[in-house]
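Next come two complexes, and both contain chain A; in the first it sits with chain B, in the second with chain C.
Up next, the complex of A and B:
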């Protein structure tokens, strides 16, 4: 029936000589001729509050878009709530946004545990749960969860790229893995093993896990070192990454050291560990580093700096979170633009899954955003980089899809 | 063999951390017969004070001793202002106050300094002593500092009149009062000492685990185990317990039960000690006449 309606409506509108777009205006709750209401949940307080600044950057970006006329003539209004990185609170806020504030969609809710808590709810309610700020692989599951989509390269994609690099550069490597004993650590480990394929069993000589409550990973590092490994994949959050880097240096263990992107921040991991002790680390990048002098004159960084000064003057120009927020917000604006006058939840989701070769300015040259009905992983390519004591220096091709 | 030695030494290093926090726990237990759940956060709070002083340009040792002094006063003030009013309340009320202190200190520091990790300087050289690669100089130095603190405490309680008065006040408040000891102040002094020891522990721990508001969370649990194993009223026992827990945890984790169950070692020790020998290895067995 619906299929019939569209051509009929089109015919009618053509007959009436009015614009086709006018006839096709369709809205779900949260959208109207004047505005698009977007919900957001961020940790403005609590242990992950360093990320709260992402929500502020996004709000600032929407303000800029609105001042420039909005999206297809509509203003984007964002309601952003604080969940303190506590999953039960996230559920409360998501329900409030959907049921009371009646938003069209929820955008960029942050963290794997908070998003896991609302994953089923959002899909049961059929509300777009877009570009969540976490790298877990499970957001790319359009069959079971057709209303949820991630944004950044997911952990398994990233881990597979390290595996490819090892297979190519050092096919006889003896690999030691340190990982956090939870979904995040196991997600990476799984991707890494998949990437090594049949050789995983022989190449990985030792795996050691740690708990977030462990005071140190010294014991694990001693086990890994004793295994005789010459290659080390470090799947840890900044605190433990810094400990592991320093421990390896203290004990004179000098493996080829791959560090997950989670802890790739120079300021919050490598500086505490010691920049001299971090030389030679390998990680992956997908965004330009706005602090790297090499990008100082890049149009994206120049534009972002001007944006920050005008719309978010309190925000730190050093925080990569602010650069990230600016880029991810542009992806949502693109989806809303593509949705045109059909601002139904189904169409927004359809448009989010129809990004073809879309480029936000902050992405490394060569990386594009691609999605489809069966591919809910927007960014799937990265570039390897090695730390030279002051900056991450990119090398090799763009890897991934 | 080398692997075992490495695990044992790494265990002694972390054990040193547990030992220093356990020492502070024992101090408060001796003064009030309660286990202070906020001990870890008090130490963390002091360490942030030290960090601020050092970042303001003060030399390390100046900041170190100023922090210890400040922490002593801070401990006394907490006892006077927060603990004293609930002194005669049921144990549960006091425990709730401890837990409240824990969260308040944690949130305040998080709010002021954020939750990102910060490097904390070590007074010891960066290169390992005598070219040994199994333990960093800081870890060896920290163990030394813990032992020195233990020695000072021993000397203080054994050889000074004030130490004697404090011991008396803790063991027999009634009689102490009768001989003219101001028991209330002795308790406050006990808190001050515990906070001061805690601050030393914090400043020794931070270079190893990095400074962040949650740095003491895991440590405190192991320190409880250490204090209980050694005997909650014995400073020497607490230090011994700390090293024992550190080494056991590592050796069992690496060779027997796997890393996943390392934390369980601490918990099993706590339960085991409480059921089999509640006073620990070195604690006094209390007999109450009915």
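Up next, the complex of A and C:
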């Protein structure tokens, strides 16, 4: 029956000129009438295994989508492999997904080093490398790497927002910066300087860096304090952020303290530092905090909680990673929906780069996902928040693009 | 027996040559990694199996080899093939120098010293004064080599993965011949003599310290060559690629493959390449628990490693006692 329809359809389409071509189904490897095969690489073991739960949340979300009929009638099947946060393993797994399992795309591979390892490969193979789970700025480079795209606000975007805030609130600030001496720390510092523009040279009075292997940042903090700065930008991971917060308080230095979003967790940074010592810290947020009482009755959080209970009952309701995974998975589903019946890799990438004002429920009100052929940074706006001793309290407008 | 094993190796080589034409590119890439690991395991086996010194830090030499290749290609514009001997030479020297003081340590103490090397190297690679070359945590991305053009002219067009496989295979054969030659010669006998009884060896006129340092150097050289090949195959090096787990994996490889056995390196390489993937397919939640079960199973069923089990099996089949290969230390 189907075979007979094809020539008829062909005749009809010839008669109707090009309009029928739009309805034509087009597939690349990994897509068919029945399914869309998605690859994923996550650290289920190894030093970053705490993030492995993101992969499980995403799998649970696709299960929900499939039970509700899938995307345009197709089931999303995800194959997820463990790379243990080891770049050589990531390469192997990415090749397995692309060449052996023949997935349509790779989604949410996690970490800057693992993604760096497959960056070139994915682009050489022209396979969509979508919404990678890292905040590095380099994923937004559509000219050189037209097949790779990040998701969360990147470090430079965030740092620019602190710079804007300082320029507005305290144009004569004397700023001290503490940063981790690696690509992450330097990425932030670069964005911060770009944000301050020509005034960066005069406003930043002291920079100090530390190595991840350092036991403490006490000596760096002493140097920064001695510089006479009245504003402090803290680019550190939770362990060192907690030390710096405590040290700044204990030594009696009371600068306006900006803390990078990387260490924004109340549980892993502010509690160890001391909640009373953290009052007044400023950071940025882009997702709702599912643990914050203020959001307890928010439809997004209610929906997410119900989803977790039904599809991922083992998953922790306290873990931000699970909330994140639920949101990022919805972004991919949107891209696949938009792709319609043209499930070629080129079209998937085109649709990923044509998200206009798309809203994921977990984003803070006012933040929208926008991408274009020259803008591969989906979330580029955040809101500033100040710590009041128990919660982050958002203030001001949504900033960024 | 001699002829039989020669035929055996011939068949093995033939299979190895045909393999990339039968399997997918991805499998070819995996078998390239098997060859890479087999060279690294051979290096560690020379040290541990034949000389009785335990190293928990051979991942460090693997990393040095990888970084030498990557930096030479990325910064100095070396062709990929020229980096292999340099990586080997650098590791030979590094291993020898590390061996000199470390060899005053015996057994477990040496294991700890090498462990220190293995854990500290990834952090040293991040050191900011080297960053200009090493790229810090970002690592170095290198370009995958194409097959040389004359092959296509000769009517043998190979894709990148196949070419890299054959390139690695050629070096593997050279390294294995080198090891075989070394181990049955004067130095090899001295190594085993030290392993079996160092006092007796000394009394026989073996310069223990020198032989042990040299062994360390040679062993590091093999592992360094493997590291360079591995970097070219993976096209990327970063400190996170060379954590302490690499060193432990090598140790697992030689024990499972068979200590003091040259073919054992190949069996061990197959094990460390494929078993973790199999374990991952069994269980996403606890792949390493499954891996552990495999490990325990193998050590119980084949206490002399896979090579030992095969040797015993062959001996039973032919009804002869084979003692041509040195047994366990």
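Please note the rule applied: the second predicted complex is superposed on the first by the 379 of 401 C-alpha atoms of A that agree within 3 Å, B and C clash if a C-alpha of one lies under 4 Å from a C-alpha of the other, contacts with A are read in each partner's own complex, and residues count from 1 in each chain.
Going forward, contacts are C-beta pairs under 8 Å (C-beta built on N, C-alpha and C of every residue); 3 or more make two chains touch, one makes a residue touch a chain.
On a predicted model such as this, the values are computed, not experimentally measured, just so you know.
For the composite obtained by overlaying on chain A, chain B and chain C cannot both be accommodated without a clash. When the two structures are aligned on the shared chain, A:167 is found in touch with neither chain B nor chain C. By the touch criterion defined above, A:213 lies against chain B and chain C together after alignment on the C-alpha atoms of chain A. Within the superposed three-chain model, A:398 lies out of touch with both chain B and chain C [touch as defined at top].
In the superposition on chain A, A:250 makes contact with chain B only, while chain C stays out of contact range.
Touch criterion met: A:87 reaches chain C, while chain B stays clear of it. Looking at the shared chain after the overlay, A:271 reaches chain B, while chain C stays out of its contact range. By the touch criterion stated above, A:181 is placed in contact with chain B and with chain C alike.
In the superposition on chain A, contact is made by A:117 with chain C only, not with chain B.
After superposition on chain A, the chain B segment that clashes with chain C is 93-101; the remaining candidates among 3-11, 93-101, 129-137 or 237-245 show no clashing C-alpha atoms. With the contact threshold set out at the top, residues 46-47, 181, 209, 211-213 of chain A are in contact with chain B in one structure and with chain C in the other.
Contact residues of chain C toward chain A in the complex are 24-27, 29-30, 33, 123, 126, 128, 136-139, 141, 230, 234-236, 238-241, 243, 245, 280, 284-285, 287-288.
Those residues of chain A lying in contact with chain B across their complex are 46-50, 181, 208-216, 218-220, 222-223, 225-226, 238-239, 242-243, 250-252, 267-268, 271-274.
Those residues of chain A that touch chain C in the complex are listed here as 44-47, 80-82, 84-88, 91-92, 95-96, 98-100, 112-114, 116-117, 119-121, 181-184, 209, 211-213. Of all the residues in chain B, the ones that touch chain A in their complex are 2-3, 6-7, 10-11, 13-14, 17, 110, 114-119, 128, 133-134, 136, 205, 208-210, 212-215, 217-219, 221-222, 249-250, 253-254, 259-260, 262-263.
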